[in-house]
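For reference, the structures are reproduced in the following blocks.
Both of the next two complexes hold subunit A, though its partner changes from subunit B to subunit C.
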Partner chain A sequence: MPIEIRNVSYTYSPGTPFEIKALDNIELTIEDNSFVAIIGQTGSGKSTLIQHFNGLIVPTQGVVEVNGISTQDKKDRKKVRSQVGIVFQYPEHQLFEETVFLDIAFGPKNMGYSDEEVKQLVENAMKAVDLDLALLEKSPFDLSGGQMRRVAMAGVLAMSPKMLILDEPTAGLDPITRNKVLNLIKELRDKQSITIVIVTHDMTEVAHFADRVVVLNNGQIVLDGIPKDVFGETKALKSIGLDVPPLTALFTSLVNKGWNVPSVVLTLEEAAKAIKDELGVGKNVD
Partner chain B sequence: MNWGWVKMLTNINFGQFIPGDSFVHKLDPRTKILLTILYIVILFSARGVFAYGVIALFSLFIILSAKTGVRNVLRSVKPLIIIIFLTVVLHTLFNKEGALLLKLGPLTIHEGGLYFGLMMASRLILLITFTSILTLTTSPIALTDGIENLLKPFKRIGLPAHELAMMMTIALRFIPTLLTEAQKIMKAQQSRGADFESGNILERAKALLPLLVPLFISAFRRADELAMAMEARCYRGGEGRTRMKILKMSGLDIIAFGTMSMVGVLIVYMRVQGI
Partner chain C sequence: MAEPIIKCENISYRYESEEQDTLKGISLEVSKGEFIGVIGANGSGKSTLAKMFNALLIPDSGKVYINGLDTTIEENAYPIRQKVGMVFQNPDNQIVATIVEEDVAFGPENLGIESSLIRDIVDKSLLTVGMFDYKMHAPHLLSGGQKQRVAIAGVLAISPEVIILDEATAMLDPEGRREVIETIHKLNNEKHITIIHITHNMSEVVDADRILVMSNGELILDDTPRNIFSLGKKLEEFNLELPQFTSLASMLKEAGLDINNNILTLEEMVEALCQLK
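The block that comes next holds the complex of A and B.
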């Protein structure tokens, strides 16, 4: 179920003094079962772009098609929204029901599932975000921050979307909860083959999880490719106010100091191996 | 209820301050507040087409010299168009004074009714456009400063002038923030299939809950954070606080008071003479 974005531009408050062109001629296809990271500075158009994915925003120019359905038509939007779930920044701020169960059930109920199906969907969503089913009858406002965020994510997952868009899902979380949330997202892709699009500022997250990186600047796509290639463009990234992951930075400076190692390394294991090889540690031991 | 109003408020920003350096901008906020009140008194004591003509010309002169753009001034009338329209229609149809002008079945239109309807409409339009000049040319901070200053004399009878002004400043400051927040929550709930636009009144009222509950929670959270931040900076009310900008009347303010008084005298004179 690919999302196709063809020639899309979007302008906020056109025809007024507050006119802002947020997206400029975007061409992007998001393939099934991919894990795409969208990065860019604040104001580069990331949030505007992801709101196009489920028809919250309709392009001023161009076409957005989800599985062949255009988001232009109002009647199709509910269908599109059941297939493309968006988890916004600080999603715990949207909780409103008396119990966790009712809050998670809000989405599937709106989609017209029967009570029996809703119950099943809610329980599946709770399991997917690794929450104890005993929490279902509690008030969402009595939970910890990390639990609240996972309940909010479950609220989107319960609609069983084929694609999940997450806007900075780890903002404001402690390192342990943050890893937990990221691994949950990865599992959704690996086990349930849900396509993931993630907006983030954390380059280490991108390097670890994404298999494709899209870099936005001033409403235009400036780089698009696998993490290794994109992070190789250190100069281009720095010129638009972005940074490379710390490991990549380390290896770039090693290369500059004359070491014979690859300049882009994404994981610690790769890094350890590259350094060992260069120092010849493995050979001497034998 | 249509959700257009949330969009409308964020787009229009009713009475939003537009910086500039016209003489209206340069007036002391206290002068502008007092003159706006005086203007309302004058407007309501005016009788007759000519008196309204004088006030309309005067208003037009002030609006043009404030250089905030006529469009912005007219925009302030937009939310009240229905009320103005109803005023004209109701007066025209139900006020049976004066000669009969038109008869359409059971509906009759009398001269007096039409006259009163149009007078009331112009009174409302003049009122809104002129008062919008106050908020268009005065920053919210200057405005509350002015109000606080004007309310000072009432402190002796126990009126908490500073606290009132501070509350107004905070309320004004948070209107755009809460509107943005409301839009954000609406989008999040729409992504979960919430429908704010269809259904009967009861269903729509129910559909509001997923928006209002998070909005209230966030408003309380913000209030809590703000109170903490203010306390951390040792805020303890108005006692002994000095100001960065000290309000000062100038020659310009005296001229403004003089001009407005002259208009007032003229209107009263016209009323007495029955012009």
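The block that comes next holds the complex of A and C.
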């Protein structure tokens, strides 16, 4: 179920003194089963772009098609929204029900599933985000921050989307909880074939989890490729205020110092191996 | 020896809705001019501890002294809050005015400072954080990093001795983070303002003077970044991780390379590796 974005531009408050062109001629196809990271500075258009993915915003110009269905037509939007779930920033702020069960069940109930089906969807969603079913009857507001975030994610997952869009899913989480959440997201892709798009500011996260990076600047796509290629563009990234992951910075320095190592390395394991190879460690052990 | 600017004596605290203490018998001292990093898992008590430092919260037992002033004494709250300013996580929740300079003037105005002096205070505060050119701008049109710097200027305008940043970089893009980090180091180096920086990003505290590690309401480590990060994998028990270069150094050391596993920064890593070549 690909998302096709053809020649899309979006302008906020057109025709007023506050007119802002947030997206400028975007061409983008999100392939099935991919894990895409969207990066870019605050104000580069990331949030505006992802809201086009399920018709929360429709383009001022151009076309967005989800599995061949245009988001332009109001009648079709409900269908699109059942397929593309968006988890917004700090989703735990949007929890509102009395119990974890009721909160997660809200979406599927509104979609008209039977009580039995809703129960099953809620339990499956909780399992998918590694939440203990013992929490079902607890108030979501009594949970820890990491748990609350996962309840909010489960609420979107319970609608069985084919595609999940997450806006900064790890902001404010401690390092271990962050990795846990990212691994859960990756499993949704690997085991349930849910296409994943995340918006993030954390380049290490991108290097470890994404198989494609789309870089936005001033409403335009400036880079688009696999992490290795995109992070190789150190100068281009710095010029628009973004970072490369720390290991990439290290290897760029080493290459500049004459080391014969790749200039972009994404994981610690790759980095250790490249350094050992270059220093001749592990090859001719005494 | 000079009196510590912050002193906690065996403080404990429990929120009404909670079944156990959020802070459990914490004792610590911070000297004037120190740059302190505070790290720990979500829910470990970092923010609660920070709120003790400017009398937003009062301990159930134990004492907190700010420059010798006991926070449990009500009359001390105002002078303490003048000494200790706070910057919070969400830049949109802490700006009150519709023009940058009015926002910065809010603090000194409330302190009853003469308006002729306020002009000067506001200009100087904005200059210090590099936002002077934006003084007539509307805050909502600024980037996250710029908003946080305006928030810092607002705190600076009351001439604090301590600035606490409670995950003030969590919602920022890389450039915004850099701006805020550079600004607080500048305040620390040039104005000798004591900084308490709470964060989940280990690389932001590698050059702190000291790191406090919170776990489950207890202060479990209080040491230099180098000593703390040389604990290696043990830190994962506290939901923390090593800075990337420290992780890489320990992997290389395990593989038999003659490298120190307490490397913290890119520069140190490049230097150490080039010595091996």
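The criterion applied here is as follows: the second predicted complex is superposed on the first by the 285 of 286 C-alpha atoms of A that agree within 3 Å, B and C clash if a C-alpha of one lies under 4 Å from a C-alpha of the other, contacts with A are read in each partner's own complex, and residues count from 1 in each chain.
One rule holds for everything that comes next: a residue touches a chain if its C-beta (ideal position, glycine included) is under 8 Å from a C-beta of that chain, and two chains touch if they have at least 3 such contacts.
All values derive from a computational prediction rather than experimental measurement.
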Which of subunit B and subunit C A:85 touches, first, second, both or neither: first
Comparison of subunit B and subunit C by subunit A residues contacted: C
Touching partner for A:155 - first (subunit B), second (subunit C), both, neither: first
Which of subunit B and subunit C A:94 touches, first, second, both or neither: first
First (subunit B), second (subunit C), both or neither touched by A:51: first
Touching partner for A:172 - first (subunit B), second (subunit C), both, neither: second
Touched partner set for A:140, first subunit B, second subunit C, both or neither: neither
Partner chain in contact with A:107 - subunit B first, subunit C second, else both or neither: first
Contacts of A:227 with subunit B and subunit C, given as first, second, both or neither: neither
Residues of subunit C touching subunit A in the complex: 17, 40-44, 89, 143-145, 167, 170-177, 200, 202-203, 236, 239-241, 243-245, 247-248, 251-252, 255-257, 266, 269-270, 273-274, 276-277
Of all residues in subunit A, those that touch subunit B in their complex: 13, 16, 51, 54, 56, 78, 81-82, 85-86, 88, 91, 93-96, 106-107, 110-111, 141, 155-156, 159
Subunit A-facing residues of subunit B, complex: 11, 184-185, 187-195, 209-210, 213-214, 217-218
Of subunit A, residues touching subunit C in the complex: 40-43, 89, 142, 144-146, 168, 171-179, 201, 203-204, 241-243, 245-247, 249-250, 253-254, 257, 259, 268-269, 271-272, 275-276, 278-279, 281-282
